[in-house]
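Please find the structures below.
Both of the next two complexes hold chain A, though its partner changes from chain B to chain C.
The block that comes next holds the complex of A and B.
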């Protein structure tokens, strides 16, 4: 499985990270680096757009878990948006919807951060 | 004709001639007319010429031996002349006055002369044939043909040729025939004089030696030996012509060879050094390419670098994460190098790595890249720096330093570059070898880990009254994070679990082993899946990395009541194959390690189902439904459900085999990327 892209878009208060392709044990570190950079820059209001994500493995799911507590302690959050049904199924099986806010659109997720 | 045959025929002819000579002295009877006597002697010469010079000599002794042989033969000829000069004095027609003693000396002289002349011709032609040209063989033959033609012409003349270029006794204008013939012989001698390629093979000291001794012999030969033809004339007129021609060749060839050596001498040292350098470089290349340990290779490289260009010191820098570090030194200490005045070697290194060119600085103080190093070690200094390049990328720099200005020459730079290229290849080879050893070790460790992991899975299926269990775990990368276990807790309870540790490889396998141990203990302490999973969650939260989690189905089966109670911690659903068909059971539940204890407990739902005879439960991991075919399609839950419809009435083992076969047929050898686990509970009674 190959082909993974992660891009970052900084807005006023929120940073949007878009994932594309296959997020697995081999590509997880790319995603991790981007999140780590955001945390380092103290940009902890994060929306992850999963519209173009085709596949996520347990290692990919682990990336979210590795950051969520740190981000929430800094009064930020990781919100998920626009995930496909297939990807949602993976998140759902694991119980992610209980722990993470999931939105149909990126705009909604960003809106949620507005005071 | 064979060598021996020609030799015996020659000896025989000479013997017959000598006998007839003795006979003539004793009795005055002329056995052979003078003409026939000359023809016989010519035949001997012809035979010998053909034997030694007509064809390229088959046996080639080395060059020095040829030169020595030539010199010695010439010298012996000189001695012969010295000993005999004045001993024989007689006119051609003075046969009657000869004593027997005179005749013996005379005959011996003639024979020795033939022997030496032939030896000289043999050595000369051997030298001429070294790196022979296209026409060398032809020219040598034409020389001999013209010699024998001249002899033939002289056969009918009582007044023989006098060829003596130095004494000027060659009488021009005798007749156009004679001058023409002399011209032809001289022409071919001159042409053959150019065949002196062997001079290139002489080392400098050998050239000096040949020039000295060869010159000496040459001068001697010109002062004395040329008198021999006159001395031999009474014995045989044609032998005189022949020896004159041989001396002519000797004079032309020897003179030109000596001149050639003289011209070569100034460059001899350079040529020698070049040859030595190339030899050294080849030797060094062979040496370094046979070393596969990087540290040893670097050590050898710096010491050889010193040798090659005659430097005082040498060192090698290798790039690590874009920083150049000194990997090895010779004749200089690392702290001396690091203690250079800033910016040190950086400007030089940049120019070497950017241009990928070898740089020669013969005056440190005058080059702007090194001007700051003017007083670094001494007042002067020369520096050579060559890039180590692999796949068009510079990964290191090799330096050679000398504390004198203008220590290195431009040639040395070329050598240094060539050497650096060899070193680069050798270093890369050493790296590759180290890498493959590492890989091999890693593979072996993986294999051991895989074995260990496989031992953690149940080795045999437990016997349960009224039910059977079967499990299968296929790992994607030798070791994986999937596992299953059966824990008989009592006669009325057997626990079964299927789990998947996130991530893959060694760490997942390691965590899996831990979980297995924890679960074995918990199974005996708690009675419900919910309690047990909650405890495991706490354990995972406490001991695992924050980005790791485990998904698990934990089930407690009571064979007597055929009831199964289970909970799902983020794991793929359980499939129930019952009377009503295939049904997916998916109670709520978070993955282990995702949330704190209370949140986890709140999210966890326990389900209890009753099973009938011939009903089956299928537990699996996501790896099974995420298998892809070459087109990239996933096997998916729906295909699994469809496949489940085919296993009605199968035993647990048959069901596992059938489902696994179905997945394998689907993927058509497309590689799997995740572990696959399948556990079947089949109620039999």
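The block that comes next holds the complex of A and C.
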């Protein structure tokens, strides 16, 4: 009963990772594995859709922090989309909105990568 | 109005798959104490962070140790006491971080403590004489007028 799902959808230039359920110290490694695989494949234009994410702890936030530098060095980014008010409050407490671009919709976040 | 304090206890092995059970335990009690949705989330997140620190730092991910969680519901506050027998943690070494510098350096470890201090009204660490470590967190119920 891990209560967490992560899925990936590759588009032309962008990969969308969708999170569902509870992202904590138990489930963070599942998310980490997906991001690591994207980086290994050099697919570094990433959108994370948080619409169905109900909960995040610092272990989950740590995953975003662990990849952002590497991804940006390769001219990519991690853009966030569709997060709930509850999840946003945790991001906000740790000052994440100054570090990450956050969009109301997945489409807007994807659009941001278009040349 | 009742003035008494009631205590509830949960003892679990030090595994991250138990965090969900811990969160449900404290969230149900916080709801029972009369906290609103936002405060329940704060309490549940603070206790998750405390237990995650115990598992990852005090027990260094050993899965067969105990985490002892006591929740006390009083008339004006909820108190959570998390006790472990792991490596002693010295909170004096950890200051509230300068967030910009923190994020710039991508240091992950201390975020949980920062969150606990931000989410709860009071957070105290103690080393007990019998070698146990304890973190005590309090959240006050707002007086309703």
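One rule holds for everything that comes next: the second predicted complex is superposed on the first by the 113 of 115 C-alpha atoms of A that agree within 3 Å, B and C clash if a C-alpha of one lies under 4 Å from a C-alpha of the other, contacts with A are read in each partner's own complex, and residues count from 1 in each chain.
Everything below uses one rule, namely that a residue touches a chain if its C-beta (ideal position, glycine included) is under 8 Å from a C-beta of that chain, and two chains touch if they have at least 3 such contacts.
Keep in mind the model is a prediction, meaning the values are calculated, not measured.
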First (chain B), second (chain C), both or neither touched by A:24: both
Which of chain B and chain C A:95 touches, first, second, both or neither: both
Partner chain(s) touched by A:62 [first = chain B, second = chain C, both, neither]: both
Chain B/chain C common contact set on chain A: 1, 24-25, 55, 57-59, 61-62, 65-66, 69, 90, 93-96, 98-99
Residues of chain B that touch chain A when the two form their complex: 481, 500-505, 545-549, 551, 570-573, 586, 588-591, 593-595, 599, 603, 622, 626, 673-674
Complex contact set, residues of chain C against chain A: 16-17, 19-20, 23, 38, 41, 45, 48-49, 52, 55-56, 99-100, 102-103, 106, 108, 111-112, 114-115, 118-119
For the chain A and chain B complex, residues of the former touching the latter: 1, 24-25, 55, 57-59, 61-63, 65-67, 69, 90, 93-96, 98-99
Contact footprint of chain C on chain A as seen in their complex: 1-3, 22, 24-26, 55, 57-59, 61-62, 65-66, 68-69, 86, 89-90, 93-96, 98-99
